[in-house]
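Paired with chain B in one complex and with chain C in the other, chain A is shared by the two complexes that follow.
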Partner chain A sequence: MYAFDFVKPSSLDEAVAALADEGAQPLSGGQTLLASMKQRLNAPEKLVSLRAIPELQGVRREGDTLVVGAATTHARVTTEAAADYPGLAALAGQIGDPAVRNLGTIGGSLANNDPSACYPAAVLGSGATVATNRRKIAADDFFAGMFTTVLEEGEIITAVHFPIPQRAAYAKFQQPASRFALTAAYVAQFADGVRVAITGASEGGVFRWSEAEAALSADFRPEAVAGLKAPAEGMIGDLHGTPEYRAHLVGVMTRRAVAAAR
Partner chain B sequence: MTQVSMTVNGKSVSAEAEGRTLLVQYLREGLGMTGTHIGCDTSQCGACVVLVDGKAVKSCTMLAMDADGAEVTTIEGMANADGSLGTIQQAFQDHHGLQCGFCTPGMVMSAAALLAENPKPTEAEVRHYLEGNLCRCTGYHNIVKAVLAASGQNVDDLGAVAAE
Partner chain C sequence: MPKDGGIGASTKRREDNRFLTGNGRYTDDINLRGQAYVHFLRSDVAHGRIKGIDTSAAEAMPGVIRIFTAADFSAAGGLPCGWQVTDRFGQPMQEPKHPILAEGKVRHVGDPICGIVAETLEQARDAAEAIEVDIEELPAVIDMAKALEDGSVKVHDDLTSNLCYDWGFVEENREAVDEAFARAAHVVSVDLVNNRLCANPMETRVAIGDYDPWNDQHTLYTTSQNPHVIRLLMGAFVLSLPEHKLRVVAPDVGGGFGSKIYHYAEEAFCTQAAKWLKRPVKWASTRSEAFLSDAHARDHISRIELALDADHNFTAIRSTTLANMGAYLSTFAPSIPTWLHGTLMAGPYKTPLVYVNVRAVFTNTVAVDAYRGAGRPEATFQLERVIDQAARELGVDPVELRRKNFIKPDQFPYQTPVALEYDSGNFDATLDKALQLSDYANIDKRVAEAASRGKLRGIGMSQYIEACGIAPSNLVGQLGARAGLYETATVRVNATGSISVLTGCHSHGQGHETSFPQIVADMIGIDASQIDLVHGDTANTPMGMGTYGSRSIAVGGSALVKATNKIIDKAKKIAAHLLEASPEDIELKDGKFSVAGTDKSVEWAAVTLAAYVPHNYPLEDLEPGLEETSFYDPNNFTFPSGCYICEVEVDPETGKVDIVNFTAADDFGVVINPMIVEGQVHGGLAQGIGQAMTENCVYDENGQLLSGSFMDYTMPRADDVPSFTVDHSQFTHCTHNPLGAKGCGEAGAIGSPPAVVNAVIDAMHRGGLTHVRHIDMPVTPSRVWAAMQN
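Moving on, here comes the complex of A and B:
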């Protein structure tokens, strides 16, 4: 890693002020950022740790919405969201391994928007709202392609507001070395319809599979999507799987998620 | 360089660190506590697992400054007060849970974190919890057995299964 300055503010206002400096970047759990800095893929001049800011921590229910603070670790979401939103808690419990889940955070995962990360699928699949220090952004507008979001310089995610669905589940085909999703589907059923979000598959990052949403909104059973095929065009091809293989997994994992939804 | 202070194995310690100093470097080079190993340096192998405020973390992927003021437990803190092996360490020795020993500090610390939150885990739970700790010698059977034994469970039958 190249040298950098480190600050650890204790309030959001201090963090925002610290991030105004040239070359400053926020550091949340660091489970991706530190690895990329070791490889010199990223070289911030200053890191602003978000770990000591109380207003970014914790899980709380507000009516039919579950609010997750941006710096809440995957381990905390696994336990603290289990009663109110089991589908989300189960997803958080499948990220990385226990030690990674003790540091990695939801806000960090979303800001990074790895095309194979788990959390983007839950956020898009739930139709959640991403709150920042400046605005509220609908999940449908937040993700802007592989490793890209609409976040601006100096903008920090503060919380994610999840509408709690009637039923939901995440079905992940794990890439065994990285434990990221080779392809995974998040399915959530609401009173007004079903949302299906796919991660790990597309060159464009997480996306909604609208054909499956239409079919499942009419008939919420695995059989309802059995005849649907996602196109291989635009899917990721690498040593772990071809675009055709990932397109096939989109259907398989969607059916598994529907079967597992509770 | 900045002075970074924390509590390691119950003792207040302090050493200089840069922003980029990793927790594992702080422990090994700053404090001379070389029990915590650096294996892959990419947060995959788990040889560097320590407890920070009671939670297992990969110390190669946490900055020392981010652990300023924390309570850290390393493998050096796992022995009994009289210097004899602690329960988990003794179980690893009794059940041949190590061969070369390189992964062992991380295995023991992950096992300690598991048993703190789940005092009587099943075999499957042990295997699942240790998925972020890689061992290239043992094939894991005896590590799992050692963790189950450390939890006070009978592992005689498990040995028979593993040997088949």
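Moving on, here comes the complex of A and C:
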């Protein structure tokens, strides 16, 4: 790890000001950033911690929406979202291990947009809105490919607004070493239709499986998607699975998510 | 039985008090006054010619003390190889130099080029980034078969090829085996891979060199399984330091599994640099470095063939293997695919003819050496896979096919066709025990129940025998070992009766600090809490060969029995003097010496006090004091054996395998501490299951390690393994050592991989997927799924 400065502002305005400095990077839970810094793969001159800003913390219900502060840990979402949005809470409870869940945050996960991360599937699958210090971004517009989002320099995620579906579930097949998603499906049924988001599988990062959405909107049963096959083209191939295997798992995990949805 | 446990007592591990409370003292916990830190600049290409190294900018950086390159070590020897294999034409193996720092060429990703010593580790790492190394990249040789092709790029320019040796065993049987195959009623063969592994002990390697110029004394603190071996190898062959000027200390060591047997470059570097700089020099491996510099393991590609007669008797076995040595020969590397592998190819079966051919190959990868089991897992995997395949092709019960070919209990001692003489065993007994404990008879019901849940269930077995308790020195000398393999013990009885046991073995997870005192407590009849074990420091222990190959109790424990018997003999003479009786009439029981047939007795502590305060003592006949040393050189290997049965469920949609039951019935001979033995089996099984199901060390074609962190190298976790059923009631005595003990450390890793794979293949067949003949390890979900598709 290289030497760096560290600040921990207590308001969003102070954080935005601190991030204006050359070489400054925001730090949330640090579960990816700190590991890459230890390997000297990332060298911020200044880390601006977002963990002491009250308005970025917590889970609260606003009508039919669940609002999760960007710096809320996975562990808090696991417990505090359980009553209002059990599908989301269950997903948060499957991220990493207890140490990761007690430090990692939803905002950090989304800004990093790891193609195998869990949260992007919930956000895209729920049709959530990502709020920042500058604007509100629909989930369909937020993710821009592997490790890429539409966030701009100095833009900080403040909260994620989840419309609460009628039922939802996350079915995750773990990459055996990292225990990220080798392939996972998030399925959410709303009054106006079904959304299906797939993570871990595509070289383009999280994506919506539109064929499955159409089939499930008509008939929300696992059998409705039994005949669908995702194409292997564009899927990730690595030590843990070929593109064909991941494409196959897209179907399996989608069916399992539908079966588990409540 | 002594109050707190002699032989056979499940005494709690005393060392766990400090380990479990965070109070262990590991090498990295040692910080010496004035200590500097070294960081190694390592090659990021697999193969290349070093055209130049410019350290000028780096040397000017803050905190940099000195930067060393190969040129600084021109007077030092290369890291020695401890075993010379002779090929099947009678020629010695090709043995390249293994320099401390890369000379002329880099030969694997991670090959150290420069050692940067600085005031702090971060300063050393900063300076490393300012070093300019001009490397002309060369094509990397990764695939073993391609490495042996004519015209292949050579890893070592001064060798004739990438072939280290072409070994045949028993070479005289080669034609007879071929003829047996030609005559056979049935021939079955399986092509298989024994996957490359990284040991990954919890504690990474650390070395600290220290030098005292006033006494010309070197000290190396290091994470080693065998400090005396390091002193011998590094002192004699690398740095030309005589033993009395070199002390090697291996304090608490957080796991080794073989990877900490070897003498590594970083140890020699730190020892020498400390003298040059007149400051202690410390190196601590990161986990990333460990993947690139710790010896790897296994990495065999094999064809195993079994010939049977019309009655299904095994008539011959032929095994043909390519074994990866990596870029350099690690300390014991050449012996693993040969003498620790070929000699086990008879297994527990009375196959009359065996021929094993192994070609060892240099590649641009990290050196490969022993890891828990070392050669014996590779042999067992071949045998137990091909026998299962034979049973399937012949349509017979795999249990009965094995049983029919077992060496029977009345046939011991049994001379195998591959040099070993098994002293004892009862394979039917462990098989029967495992069948009973696993409820093998009712597998069909469980398969049907699993099918109702949509799961494919299967059961697989493995019957192993291994050779450990290494080793008879005269024999291994004939086979090419450049060291003896005896073990030592000193029993130092103190004046008030407490005892310090000094051993050349080393405990790094095995629980010696508990089990060794149990032996002495049992023999003398005093409380084990009166006895401590001292190990890990060449300054205060007798020269022994360390801990590996499941040897510590069988060899080190036997040395301890011998030394304790000397103590008892002398103590009886002292007691006889005190009791005014003849030594022949003295009996020792429960820590008390008595005159047979009388009520005259004297306590242990009174005798030991007399030895050190010899006022009333036969000084004319007996020296004062009570301290004895024994060297024990075994006259045979020991042969643990057993039967493992694994039951799995496969998710047909994803290919994921869950082990639902695992039964291990082992014959370890006499067991000193059953709880510790059970723990050793659990650990071995977890590592064997890791090899079978999750672990895989993979290079790409350019020699980059794809599995270079725990994000991609899958260590087995608690939820990957079931709750094991372990039994060691069906034991036979080792007939040639005084304890009757055989050793237990490696068995779990040896016997389990074929049981797992056999179970998975069985599940496929029971599920109607009869086209699935073999799946290479690790049987990951994606591989199982792919096999199911074809």
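In this text, the second predicted complex is superposed on the first by the 262 of 262 C-alpha atoms of A that agree within 3 Å, B and C clash if a C-alpha of one lies under 4 Å from a C-alpha of the other, contacts with A are read in each partner's own complex, and residues count from 1 in each chain.
One rule holds for everything that comes next: contacts are C-beta pairs under 8 Å (C-beta built on N, C-alpha and C of every residue); 3 or more make two chains touch, one makes a residue touch a chain.
Here the structure is a predicted model, which means the values were calculated and not measured.
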- Message: A:I156 in the overlay: touching chain B, chain C, both, or neither? Say first, second, both or neither.
- Response: neither
- Note on the structure: Chosen between chain B and chain C, the partner touching more chain A residues is B
- Task: Examine A:A92 and indicate which partner it touches, taking first as chain B and second as chain C; both and neither are also allowed.
- Result: neither
- Query: Now for A:M1: first (chain B), second (chain C), both, or neither, which partner does it touch?
  - Reply: both
- Partner chain in contact with A:V59 - chain B first, chain C second, else both or neither: neither
- Message: Once chain A of both complexes is superposed, is A:V130 in touch with chain B (first), chain C (second), both, or neither?
- Response: neither
- Task: Have a look at where A:V252 lands relative to chain B and chain C in the superposition and call it first, second, both or neither.
- Result: second
- chain A residues contacting chain B in one complex and chain C in the other 1-3, 177
- Inside the complex, what are the residues of chain C that reach chain A? 122, 125-126, 129, 288, 653-656, 694, 696, 698, 706-707, 710-715, 780-782, 785-786
- Message: Which residues of chain B touch chain A once you look at their complex with the stated criterion?
- Response: 18-20, 22, 41-44, 46, 49, 52, 55-58, 61-63, 65-66, 68, 110, 113-114, 129, 131-133
- Message: Please output the residues of chain A touching chain C within their complex, sorted ascending.
- Response: 1-3, 39-40, 173, 176-178, 238-242, 244-245, 248-249, 252
- Query: In their complex, what parts of chain A are in touch with chain B?
  - Reply: 1-6, 8, 27, 30-31, 34-35, 37-38, 47, 49, 51, 75, 96-100, 102-103, 177, 179
